[in-house]
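We call the chains A, B, C and D, going by the order they appear; numbering starts again at 1 in every chain.
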Amino acid sequence: MPGALADLLHELIVATRILANERVLDAFGHVSVRHPHDPQRYFIPRHRAPELAEVSDLVELTLDSEPVRPTEFRLYSEKVIHGEIYKARPDVHAVCHHHAHTVLPFAISGQQVVPVFHLGAVLGHVPFWDQRDEFGDTNMLVVKPAEGASLARALGPHWMVLMRRHGATVAGTNIRELVFRCVFGSDNCKLLAQASALGHVDSLSAGEAKLTAAHQQRPASTTRAWDYWVRHIERAGLMPAKAVEKSSAGPAGRAAAKSTKTRGAKTKSRKRR
Amino acid sequence: MPGALADLLHELIVATRILANERVLDAFGHVSVRHPHDPQRYFIPRHRAPELAEVSDLVELTLDSEPVRPTEFRLYSEKVIHGEIYKARPDVHAVCHHHAHTVLPFAISGQQVVPVFHLGAVLGHVPFWDQRDEFGDTNMLVVKPAEGASLARALGPHWMVLMRRHGATVAGTNIRELVFRCVFGSDNCKLLAQASALGHVDSLSAGEAKLTAAHQQRPASTTRAWDYWVRHIERAGLMPAKAVEKSSAGPAGRAAAKSTKTRGAKTKSRKRR
Amino acid sequence: MPGALADLLHELIVATRILANERVLDAFGHVSVRHPHDPQRYFIPRHRAPELAEVSDLVELTLDSEPVRPTEFRLYSEKVIHGEIYKARPDVHAVCHHHAHTVLPFAISGQQVVPVFHLGAVLGHVPFWDQRDEFGDTNMLVVKPAEGASLARALGPHWMVLMRRHGATVAGTNIRELVFRCVFGSDNCKLLAQASALGHVDSLSAGEAKLTAAHQQRPASTTRAWDYWVRHIERAGLMPAKAVEKSSAGPAGRAAAKSTKTRGAKTKSRKRR
Amino acid sequence: MPGALADLLHELIVATRILANERVLDAFGHVSVRHPHDPQRYFIPRHRAPELAEVSDLVELTLDSEPVRPTEFRLYSEKVIHGEIYKARPDVHAVCHHHAHTVLPFAISGQQVVPVFHLGAVLGHVPFWDQRDEFGDTNMLVVKPAEGASLARALGPHWMVLMRRHGATVAGTNIRELVFRCVFGSDNCKLLAQASALGHVDSLSAGEAKLTAAHQQRPASTTRAWDYWVRHIERAGLMPAKAVEKSSAGPAGRAAAKSTKTRGAKTKSRKRR
């Protein structure tokens, strides 16, 4: 079980690196995963660019987004996005907040995002949220629990919500489904904009969207894509090592440290190519 | 002859890597080649991202897309695209199904693809196919033989067919012509969209299209481009090794394994650059 | 203190490499920093592509853009952009002149740049300047002090000015804030153009812009992004070594040379990854 | 003098690699230089993707585009583009024919190319040429001397001509000016299209265009950009070695082979970074 937890936390960092490499994340944005054994907690890296996050940067937070154990790490100011969605949606086990350049034009223009190709079906319906509606002029960050809760309400039963003049938040039942939705959701937005420029957009019917989303969320699909993206972060030198016993990791990192030297070494030799 | 077959299967994997590197393929899509000595069979990789496919991943299928020999490999759910086109078109010896981002805006908007520069002439006329027309709401994958046969009918005597809200399927008389058509067909779509944004599109006359396609499909052209793309996959570390005797390849892979150590080694030394 | 100056000059070159790597600068453009102890002087590289500039290429100029010490280096013909802005704006400590492809369409079309997402808030109001208005037909370079002074007047109390048919000049209270404004200002322009193509643009309210700019200019934000961009220039092999004692650096470079061998070595080992 | 010729031929290959790396050339297109001592001859690589061309691939042709010495090399079918322009324009010493994706939308739409930023001033006036006007339906390649002569007439006293539904041909008084015009001409087209999408285009006045072109064509500008592009091909592993005595080079290549081992070795060590 500790090995399973370590694997999950490693997978979270792999997901973070993949989303950086696929240009969904840049210097900003963050990804979290719910604790597999305690649904009242979740893991998220400390405040730093997601591409640079290591397993040893992970902290364990309550759903009120307070650290379970004291930490000297600076935390993301927008961590309540994650905590409030986990509170509102027991079926959600992974969350990503991002500002992908493919998605932002929709957050800025207010143009509706609809699935326009089979892989975009995993988006489902994408609602909008405007922080200004409820909270007036702010620094545009989702910092207060009430702001996070408002965003979670806007998300409702869906899987992606657009945040006006800001970005998007995406949810998943697991990490790989989340990454799949983020990347192909980004592709869908890019393709929708391009088709729109050609003068007409033909979107999936309700029946197609439902059948196709169900099919593409199966592990056969999400794992095929995951393996491809993993190969790309390996080639880019971004594959994270798992934390090792002697690391200076915080409690979460230490919990995750499990006989990973062999794998770490293998990763390194891949990087040298 | 077994050496010739091994060379062909290696060329299929090289083609697959090229199409991934040129961004025609991503985590999804697939490429196949008809068996050179038995027109009732074809080779295609097992179910995995095409960039990751190795010669040892190749399986030999009948034109009903059933494995010639039992295999434990998971197969592409859309393999019937290939089998049904090989059935309908004896002149076709290589097929690629893809979702290139340059082509999808046309599959989404329904805007006609026409050749707008000399290298795009190899596209010829590009018909549309909408799975929904004949089969109603589906999971949008071409899984049933009847679906594949319908797509093959839409392709008719042409070389590329657009699949609404899904992607494209491209055919060739050989692998290099197929790759040439996929890459420059992708370029043609990108350029057509950009010219369209400038307010006017001037396409090839029927006479130009015919004369130019004939010229560009000669080996002098397709090989010049092939050599260029091969250099690029070498520089990207994507050049595949041929399967070797000791590999755990399936029957197709083993058939292809022929004194390829020397070439494999040479490939590796290229990668190190 | 000499160590602090050396660190500042190294940071200037790091900034220059970051802006090249993030495609704000190409073969042209330049970045400068005001002397930390003498507000009447500033440092800028000699005439060469900014990505290629080293600490040993830095020259120290007066605010009239004359070399403090004789130098054989060829200097940028547009250095007065920097000197005249430092004269007019005591609060400005770093300046970048660039021709980013994201920004130029606005300099060419005359379309107003407005902040359309939270990270773009650091742009503030972006005025236009047209060299032709005051100076008629020129070679379009800001070469004469009067031209530089005119540009500084157009910048006024703002942080970025668009130069018609030419490019942009951006200012900052320090190097990291400048880089942050250049990169996210570039992103803002790209996103504004894309949202505009979708038919509607929703920009930040005055209150949002003010609160958000204040928040994003804090070191917590600019350093998080800086660390991310530094990692990227390290991976690209662009991290500059600091000048060392034995270098053939000019006076500025020599002033900056301080026992930097250890750091230089570390940088090299990073490059090998 | 043989050393000077060797340097020129090496520079031609460097130019070719730069134009490939900057995405002006792909699998197709070609670059030539007039013989510095015999204006009735020029050098051009044999038929292969320009990025792959080596000094040993160069052949020497007459202005009728016939080989000066017998060669077994396959030659470019469009070599008459070069020969006919050298005939018509004694001031031209370097020519590039390309199909850059930035430029083709203008060749397809017929929209006029005008200089929209200072670096684009080197384009001057850009006329159109349509092979179909004079020669009817062809395979769209400029193969016959009459076709090349027609293109040269369309170019007239200018420096770039757009070829409808095909590409562009660019001329220069020397190699570095040619490369500068190709790259920044490509940038100019990209920026013109983007500004056009924003709804208005403000182009250089006649006076600005003249003064700015004169300034940017000085060696100070073209060399600064050249050094930057050279660094990029070095980092990409594309810097060509000069031909060495023992090479299997044709007559042109052998003429160029001059004590270049030292430089070749240095280039290789750069590649290893």
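One rule holds in what follows: contacts are C-beta pairs under 8 Å (C-beta built on N, C-alpha and C of every residue); 3 or more make two chains touch, one makes a residue touch a chain.
From a predicted model like this one, the values you see are computed outputs, not experimental measurements.
Think of each touching pair as a link: the shortest run of links from chain B to chain C has 2 of them.
Among the other chains, the CA centroid farthest from that of chain B is the one of C.
Homomeric contact chain A/chain B is classed as different-residue, with under half of its interface positions used by both copies. One simple way to say how far apart two chains are is to compare their mean CA positions; for chain A and chain C this gives 33 Å.
Note on chain placement: the centre of chain A and the centre of chain D lie 46 Å apart, centres being C-alpha means.
Multi-chain contact residues of chain A (touching two or more other chains): 196-197. In summary, the structure contains touching chain pairs A-B, A-C, B-D, C-D. Chain contact summary for the complex, chain C toward chain A: residues 116-119, 121, 187, 190-192, 194-208, 211-212, 214-215, 220, 224-225, 227-229, 231, 235, 273.
For chain B in complex with chain A, the touching residues are 26-28, 47-49, 51-52, 74, 99, 101, 104-111, 132, 136-141, 164-167, 193, 196-197, 236-237, 271.
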